[in-house]
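Below you'll find the structure, written out as structure tokens, and then a few comments.
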Amino acid sequence: MSTEVGEASTMSAAWTRRHLLGLEDLSAEELILILDTAASFKEATGGCKKKLPSLTGRTCANLFFEPSTRTRTSFSLAARRLGADTVDFSSSGSSLSKGETFIDTAKNIEAMGVDVVVVRHRTPGTPHLLAQNLACSVINAGDGPHEHPTQGLLDIMTVREQLGRIDGLTVALVGDIAHSRTARSNIWGLKKLGAHVIVCGPSTLVSPLWREVGVEVSHNLDAILPRCDVLNLLRIQFERQTTRPFPSVREYAHLYAMNRERLAKAKEDILILAPGPINRGVELTPEVADGPHSVILEQVTNGLAVRMAVLWLICGAL
Amino acid sequence: MSTEVGEASTMSAAWTRRHLLGLEDLSAEELILILDTAASFKEATGGCKKKLPSLTGRTCANLFFEPSTRTRTSFSLAARRLGADTVDFSSSGSSLSKGETFIDTAKNIEAMGVDVVVVRHRTPGTPHLLAQNLACSVINAGDGPHEHPTQGLLDIMTVREQLGRIDGLTVALVGDIAHSRTARSNIWGLKKLGAHVIVCGPSTLVSPLWREVGVEVSHNLDAILPRCDVLNLLRIQFERQTTRPFPSVREYAHLYAMNRERLAKAKEDILILAPGPINRGVELTPEVADGPHSVILEQVTNGLAVRMAVLWLICGAL
Amino acid sequence: MSTEVGEASTMSAAWTRRHLLGLEDLSAEELILILDTAASFKEATGGCKKKLPSLTGRTCANLFFEPSTRTRTSFSLAARRLGADTVDFSSSGSSLSKGETFIDTAKNIEAMGVDVVVVRHRTPGTPHLLAQNLACSVINAGDGPHEHPTQGLLDIMTVREQLGRIDGLTVALVGDIAHSRTARSNIWGLKKLGAHVIVCGPSTLVSPLWREVGVEVSHNLDAILPRCDVLNLLRIQFERQTTRPFPSVREYAHLYAMNRERLAKAKEDILILAPGPINRGVELTPEVADGPHSVILEQVTNGLAVRMAVLWLICGAL
């Protein structure tokens, strides 16, 4: 662990927020408190396998209005490894189909004694709306293309765990920046912890406006590759795109996929992240996905650690 | 708590039923035993938030053949707060799609060591059919337009908690009486505990035959409003109606919606209940739903208390 | 318990497999170790009703890509009665709809700290593919028409429990052998434990090639019936058939359904099994399904016992 991280951790002993809505609002100290807590949980539970029942009697509700395997399950398992109860809601089969408003549904869930609502919704700002209307805690598990803070945290945790620091690293987020909440959460978190962030992809998916918040913008992966300590290969979100942002998947892969040839031109110890589900052959080739630089599955395990940390901090179980 | 309730509670120390199929069959003493038990659970668990693991090792199965968010979740959480395990079945993805009969499905669930089956089905009498065929306990969570006993109990618990008694109160059930199992369960429960019950709504939705069981029938909310201690605004069940029972929603709301103007003509301490999901602007306006007379969310919390009480009494965990 | 079983049990004290993929690979000793363990669990838990929390802190994931009520629930309840946590995945709403490969989905689940993956898939060999790619344990809960080992085990457990032995019994598997994974698992298990196995059904559903592995093949139930100690009436899997293997259900039932008339021609203590969901009036008449020879519901309870045993052995909780 680098010096700046240890110091920051000492400075920020207390967590005071009731919600986790995004990384844009968090201070570097708050980010490091979550990351340190997550690392402790991971160690104490043998890689997030054992239980640590510090939230016994608490109830977490998953309120997911978009399909999700890993995030919903990761939150459920994180809650249960802390001894909390979980309940799942989904858009189908719910009261929403009977004409109830979204906030009324959430208030009803809260009235059943739920402590934390984990919400995913295609509309940006939905978690913020809930946070204004509920007395319980709200965690954003993805609001449209806006933020996905626990994904950003698990990516950052994985980089910090592997490379020992964030400060001074060059991290490129490659691909579908326009539709990616993961990109946004990474950008805010990485910059606050001192990384140099590059967004890279076709001009239809990477806006030049990112320069205004201090992010480097590139449309040429081969040009920036030699400088990168970390590549985070974002999923092409075919399901969110209403127009085709590039001529073909083959064309995209030719320009932006991480493959053996590109790996040969990168730094020797480059770290390859990909917030799954991955499209093999699109964002990266199987030999890269399954190769020594890839930490894709470590990201999944760290997702559990980060979610345990966030639930624990938010529930005030200090 | 009124005197008659305290006495009744003392009189009926024991619960002897294996099933809860409806409120029509219960005695006043049995109703009060459930209500008193629910109130105790609510107090002992800090408003149904904490666990009280008196049913550890028991298993409750939800067998829901109609969409439901709140009732299914409420039963699951009630069971788990008592330490019981829960399993969910639904009509999709089940053996019924492979040609199995309903009773065979239920018998299979029972053979897996389930103690209580909570069933919702669009056909009246389904829970009774199960009760005749299963050795385990059956709780009716809504059988078509027939009964929904735990909803009736939670409504009555909420009135009793707020006003201290049921005996002598005037309670109006407003709206879609014809399609409402909640109305039926409320009618039987309220009358047994001594309330004067009025059913009020358009003549297409409120049958004059209710008079034969001692219920007042009205088609004019404004005429009965000044006499009411409690209004229970039933949801217009658009999904159950095959013909249009009134010209338009606007017309219905004009005649029967609870709004600021009507509130001004009601008793000063009138209690407004609504068994959600509510249609804002149909049965009641947002200012009434969110106003000081509304106990809508208290109903949800009491739903947990009532279900904990029923599960506990039925499992014989005395 | 017969002598040969007791001896075998003593001989094979240790379980060494990480996966349960099929009964074809198991030795008689391994089969008997599972059956003995299952019988012990059933007795120790009062018929699989009580908890025996020997797998606390373990997590089992259900990865079901075909509809299932009983098997999925049976595995979940078995895991939870041993104190393990469970998570459910299904094909809908999962990352597979976002383009992820099956193995990547499974590896992600494993990276969340899952100890055992229970998989059902319509493609034969899927569990074997997972076992080659995952470090955690894999249990086959049905791979197309190939194997369904815990179903085979629960059928065999039920016969052994009722008749005290397997060795020397004549067991007929009747019906849809071609599409039945249950048939295959029964055949391998029964033969290894010394039973004489007959497969019986229309020639479109029963291949003469079974003779090559020492199984008797018959197309005439009435001819073999007097010799049978056990009938296992396989479900006609209408959903797996692409062509009609017989002229009509009526024709099938006429030739192969177990009914009162056939029962009169069978051994006095013949045992009737049917791995549900059953089609009443197709494979067997209601009077047989609900009669004294039927052990259909005992099979369901034994399914729990067998799954508890398999989970416990595989998790090495000796």
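In order of appearance the chains are A, B and C, and numbering begins at 1 in each one.
We take it that a residue touches a chain if its C-beta (ideal position, glycine included) is under 8 Å from a C-beta of that chain, and two chains touch if they have at least 3 such contacts.
Every value quoted in this text rests on a predicted model; they were computed, and no experiment measured them.
J.: What are the mutual neighbours of subunit A and subunit B in this structure?
T.: Per touch definition, common to subunit A and subunit B: C.
J.: With touch defined as above, tell me whether subunit A and subunit C contact each other through largely the same residue numbers, more than half shared, or through different ones.
T.: The interface of subunit A with subunit C is built from mostly unshared positions.
J.: What whole-number Å value describes the gap between the mean CA coordinates of subunit A and subunit C?
T.: Their C-alpha centroids are separated by 41 Å.
J.: Can you list the subunit B residues in contact with two or more other chains?
T.: There are none in subunit B.
J.: What does subunit C use to touch subunit B in their complex?
T.: Its residues touching subunit B are 47-51, 67-70, 73-74, 76-77, 80-81, 90, 235, 238-239, 276-280, 282, 297-298, 300-301, 303-304.
J.: Please output the residues of subunit A touching subunit B within their complex, sorted ascending.
T.: Contact set of subunit A toward subunit B: 56-57, 59, 85, 87, 89, 92-101, 104-105, 107-113, 115.
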